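Structures follow.
Look for chain A in each of the two complexes below; its partner is chain B in the first and chain C in the second.
Right, the complex of A and B next:
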């Protein structure tokens, strides 16, 4: 039985009231959206806030809508199940719909939110454990200790970014809208990340992620998401691959992007993906050769740590396989790639 | 402590509970509704699945203080709801689980049946794949899932008025069995 440490629950009914609570209590307050990341972490005493601020009663944070000029706005409190099922998201951003639909299992997708998945805490086998367990090993670099159990003598935390939607949003060039004491801040999702597992996001504790904005895509847009995990039903990714291909009217690739997750503390973009695929028709042997070249590049860049389930060498060996398959799925307008 | 005004299985309930308790703790330790099981207690196993506003969620990760003004259905509420809506006896999903022997230890069963009920409420005639997807967040360590999928298919077949598949036909997809060893 895992009991929660004591805290008080607040349920503000407006954004201003929520921000006022965050300003008042500072680091003693934590925001709860779906609770599927925060509640287990509180049970493990990884975070022990005095005040838990729920965003459930702020209706404007929920739902998918038109943001003008072809942009789509997704409220941060929109559930992952709703993102996965939304017809506009599926049409405009298939990789995001697929990624949201592969997060954990049905109950967790019903509870979990898009904003919560973007801001998901990093994960490590030495970190996501009970206080008793962690104490027995003298704690770790990320929480309460000074020693890394993954990298001998390591001084930088290597806990893995494990959010499925993040790489998909990066390929889509999504923007995040934060609201804080200084007002609204719009930032490309690429600029959110830090390569530090202890805190891998540039986001202040007194600001709220309120909205994810997706730029318009044309009829030549293709996207897919591939996810490696041990059980098809409930697990975090051992590897996540998001791909985007843009085709012209003749089916020739004009732009491409591939982003990997669950390999290190932040999602990683595969270098030269667009260059390797540019000008290739998205079918046949030439495409397969180009997809293999991108897969080889991804393999060279991938250095998974032995800190989440699954053998690290196996996870690395799966990187080119999943990159190639996910590119092929995107080209066919198919996906997700998810063979367990 | 906090006084919570909850709506559990159609009944308005006022209960005082520690503010940091989960819905599962309030159900089990304040209201005596022990049908919702405490398994992993961290969102992996699905044994604590309940319906909130008709959707399956994990009671072990849901704060009770955030459930006010929302309709909670636990396994204890399935039969009364079925009777109230004009049926007799247990919910068809419960009857089908009984008929198919879709349990061994029974620990996963309340969550399984609630996930199945939520599926049938939004899709009265799901395919086998849809059933498997809807039950993916409920782990069973005994049965191998065969009879569980068959039970949901039986409930679907009865509802849709078609013959159920033959028993044993709902084996999990994937690898076939190894060939029998020759002597």
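Right, the complex of A and C next:
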């Protein structure tokens, strides 16, 4: 059995109080939202905070609401289960609802939060292990060591972005609202990422993600999420595919986007997806041919490494299959794509 | 469950109870995969990755030019 190291919990009742605690304790403090990632990571001694700052008693961080001009605001502490079930999210952002509904299993979605999933630490089979296990191998690039066990001689960590909601939010052009000592800042989720598995997000430790904002979508909006994993009832993604298609009144594609995750340190956009689908009617053979062209492009672009579990060749072979199926699901107004 | 017995093959006459039932079921699963797609898997677990690899090897043997279609 793994024990949790000793720590102290603080439960601020306002954002200002939470920020003050983060400023006071600096690197000794960590924020806990749902705890579904932090607690196992603490047991593995991947993070060893002396102070854990809980956001559970700050009610303004929870819930889905109207942000004006058709935008939706989703509080960072809204549970993944609530995001998946919310009627407004399902209508306005089906890919996000589907992605949130496929994170881990029901208990973890009830505890786990949208903000926590967006800010999820990258994962690697050489990193998400006990201290004893990691010590026996001389540690690794991401934590306490200098060697990469995935890429021999590698000098850059290749731990994989494993958050299901991130690619969906990228296709939806979501914005993130952070609050820190310098006040509020709003950033498009595309600008959050760094291509470094050791730290793949531009976000300071004294900042809090408070809100995710979704721009309005029209009646021609379609979106879907596809997820590859070995066990359908739990597990991080071995591959995640988010798709978005915009249709005009005649059912012709006017815009499209495809973003992949769980391949490398950050979620990646499939190049030329919009270009390949533009002007095609979202049904029949022409659409299938265009979807296959996007799938082929994704296949060329994707190079899964043995960084997370699951055979890397199988994961690569599934890239075009999941891209095509997830595009087809979006066109039909269906999804998620999730067959095990 | 305790069954009073003396197995002359087991240590101190002990009788195994867990392994026996596994003997027929795993080959049956392997046979089911073979029946479905014509490949013989000999190592557990029968993951999708192993099935795909075995299928690729089988295709490479039978039709050297067969390309994968997505």
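Just so it is clear, the second predicted complex is superposed on the first by the 340 of 340 C-alpha atoms of A that agree within 3 Å, B and C clash if a C-alpha of one lies under 4 Å from a C-alpha of the other, contacts with A are read in each partner's own complex, and residues count from 1 in each chain.
Quick note on the criterion: a contact is a pair of C-beta atoms (placed from the backbone, for glycine too) under 8 Å apart; a residue touches a chain by one contact, two chains touch by 3 or more.
This structure is a prediction, so every number in the text was calculated from the model and none was measured.
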Practice task
Considering only touches as defined above, state whether A:310 meets chain B (first), chain C (second), both or neither.
Solution key: second
Completion exercise
Between chain B and chain C, the one with more contact residues on chain A is chain B
Exercise for the section: Please indicate which partner A:289 is in contact with in the superposed arrangement: first for chain B, second for chain C, both, or neither. Expected result: neither
Handout entry: First (chain B), second (chain C), both or neither touched by A:104
Key = first
Practice task
State whether A:137 touches chain B only (first), chain C only (second), both chains, or neither.
Solution key: neither
Problem - First (chain B), second (chain C), both or neither touched by A:91 - result: neither
Practice task
Please indicate which partner A:230 is in contact with in the superposed arrangement: first for chain B, second for chain C, both, or neither.
Solution key: second
Practice task
Would you mind listing the overlap between the chain B footprint and the chain C footprint on chain A?
Solution key: none
Handout entry: chain A contact footprint on chain C (complex, rising order)
Key = 47-50, 52-53, 68, 70
Completion exercise
As the complex stands, chain A meets chain C at residues 230, 292, 295-296, 299, 310-311, 313-314, 317, 320-321, 324, 340
Handout entry: For the chain A and chain B complex, residues of the former touching the latter
Key = 1-9, 11, 32, 35-36, 39-40, 43-44, 52, 54, 56, 104-108, 110-111, 232-234
Completion exercise
Contacts from chain B onto chain A in the complex sit at residues 2, 18-22, 25, 38, 41-44, 46, 49, 55-58, 60-63, 65-66, 115, 133-134, 136-137, 139
